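Got a structure for you, questions after.
Chain naming follows the written order as A, B, C and D, and within any one chain the residues start at number 1.
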Amino acid sequence: MTPYEKYRLRIPLRVRWAEVDLQGVVFNGNYLTYCDVCVTEYWRAIGMPYPAAFLEIGSDMFVRKATLEYHAAAVFDDELEVCGRTGRLGRTSLVFQVGMFRRGSTDSALIEGELVYVNVDPSTRATRPLPEALRQRIREFEPRSPEGERAHDAS
Amino acid sequence: MTPYEKYRLRIPLRVRWAEVDLQGVVFNGNYLTYCDVCVTEYWRAIGMPYPAAFLEIGSDMFVRKATLEYHAAAVFDDELEVCGRTGRLGRTSLVFQVGMFRRGSTDSALIEGELVYVNVDPSTRATRPLPEALRQRIREFEPRSPEGERAHDAS
Amino acid sequence: MTPYEKYRLRIPLRVRWAEVDLQGVVFNGNYLTYCDVCVTEYWRAIGMPYPAAFLEIGSDMFVRKATLEYHAAAVFDDELEVCGRTGRLGRTSLVFQVGMFRRGSTDSALIEGELVYVNVDPSTRATRPLPEALRQRIREFEPRSPEGERAHDAS
Amino acid sequence: MTPYEKYRLRIPLRVRWAEVDLQGVVFNGNYLTYCDVCVTEYWRAIGMPYPAAFLEIGSDMFVRKATLEYHAAAVFDDELEVCGRTGRLGRTSLVFQVGMFRRGSTDSALIEGELVYVNVDPSTRATRPLPEALRQRIREFEPRSPEGERAHDAS
């Protein structure tokens, strides 16, 4: 489990009524919406607001794979911190990690997510190497470079 | 309340787990998704599949106003019939009526919806008179012409 | 149109990617989720956090009718202010008004919503007069008492 | 990739307008709603309609882990076949596999999902061995017993 401290980006998010199902917990698919909110803020935080800054450098990002682990449930009105970081930088893709913590209880994540994003040409949607500009921004933002870890090859 | 028999289009729809909230009923906003499913099938039924057939005649439709009346609740796994008809044809807009009935219990609607759609130019999104082709298709489809009723003016 | 200044409660809300459809605007039904976020914060603001404080006084609230007017579109990443107030207090129901403004552009609402909430007994779900405690809290919170306006009768 | 023929359960599902995002494809999280629709129909198909038949035998199911692989995109109005099967039966959990195919194009799945469900006591939500009745129903339904494969241990 990625510890709270390893995430530089932390987004406050309060669970909405419409996101909770009859089991009294956030419906399992809605956490991917939370992940998406987090990655949107991540692009903004590194100075690459999506989609404008990506289009400028001829890039778009598609999700190739998503994994969610449900350690504990979030319930209505919970105040979460949705935390994100780039876990790995590959040639054409990157792995974005998300940890969702209940505010004030940051020793263990309720939910962990991992999304593999692949970089594509916006017009053809063909896979392309990650733009160097994006790679640079991520390296600068992350406390420690994610480069050292095994590069993910999504092609 | 518009009776079941006045609707020519009737779409079966089963309530999904993710659509139901902690009160045990469909979250109030999700009925607008059901309305949208219904209007999509309506355009198909009259021979104008959205958005292709609309773009061909230089048209797009935007919702200007939506009203939902909640007479009774739909719950998880309910088999609904979502029924739709054009209630009024105006100069630039039309009123689409939706009635949601529980299957086999068609004497009164659980939910009634009314959506005012306004016709726009797809590129400028400026309001335009309803295309005659669309008007004609609706007249042909509806059991009785909705023309006779008071025309709605959305401009 | 209810002016921005008449709303005491104003909630910041940023439009999520998953809430926007192919027309490039927030899907029409998702505004009811925004309304629900607003009413949740309203109950908290008046000192009646939902559902706990309602259950304590033997009350639950159901939506009887919802109306949305779409004056202009909200788009991805828009920073909205979702504003809410009690417009009318009836015997068994109240009318909650919502205005959604783009931040920094508060002269006209993009979207206006009106929701009729009816008070029910939590166990039987039968309509009951609005609890005096709730009525009192609302009167205290609102800049001017909504009592003076025509009482809405939802029964 | 699990071939189309290995799935005994196949559910028709048409992509809704509200499920598609600005990239023109189904928003990545909405596929988990499709998975949920599929598992609901699976419980019905094996004679264990959820939640009633589960409560009767003192069981409830929670998602412990979910994985989605996005091979190709589903777009608005696509007619999908959402196919489901139990891939593995463990002691306390089972792995449910989902393949989403475009109708008439069943040689490769657009999307594949895998959900680990853990059986719990409905009142305490503590993990419990899979009820024998459930295990039996699944064995009878699946073309070949999933027992032979490596049992998943979710505890």
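Criterion: a contact is a pair of C-beta atoms (placed from the backbone, for glycine too) under 8 Å apart; a residue touches a chain by one contact, two chains touch by 3 or more.
None of these values were measured; they are calculated from a predicted model.
Visitor: Looking at A-D and A-C, which pair shares more C-beta contacts?
Guide: Most C-beta pairs in contact, of the two: A-D.
Visitor: By mean C-alpha position, what chain is farthest away from chain B?
Guide: Taking each chain's C-alpha mean as its centre, the farthest from chain B is A.
Visitor: Please tell me whether the contact surfaces of chain B and chain C are same or different in residue numbering, using the over-half criterion.
Guide: Shared-number fraction above one half, so same.
Visitor: So how far apart, in whole Å, are chain C and chain D when each is placed at the average of its C-alpha atoms?
Guide: Whole-Å distance between the two chain centres: 37.
Visitor: Taking the mean of the C-alpha atoms as each chain's centre, how many Å separate chain A from chain D?
Guide: Distance between chain centres, rounded to whole Å: 25 Å.
Visitor: Round to the nearest whole Å and give the separation of the Cα centres of chain A and chain C.
Guide: 32
Visitor: Where in chain A do residues touch two or more of the other chains?
Guide: Residue numbers touching two or more other chains: 17-18, 22, 27, 29-30, 33, 36.
Visitor: Classify the chain contact graph as line, ring, star, complete or other.
Guide: complete
Visitor: In the complex of these two chains, what residues of chain C are touching chain B?
Guide: Contact set of chain C toward chain B: 22-23, 27-33, 35-36, 51, 60, 62-70, 115.
Visitor: Spell out the part of chain D that touches chain B in their complex, as residue ranges.
Guide: Touching chain B: residues 16-18, 33, 36-37, 40, 49, 77 of chain D.
Visitor: Across the complex, what residues on chain B touch chain A?
Guide: For chain B paired with chain A, touching residues are 17-18, 20-22, 24, 27, 29-30, 76.
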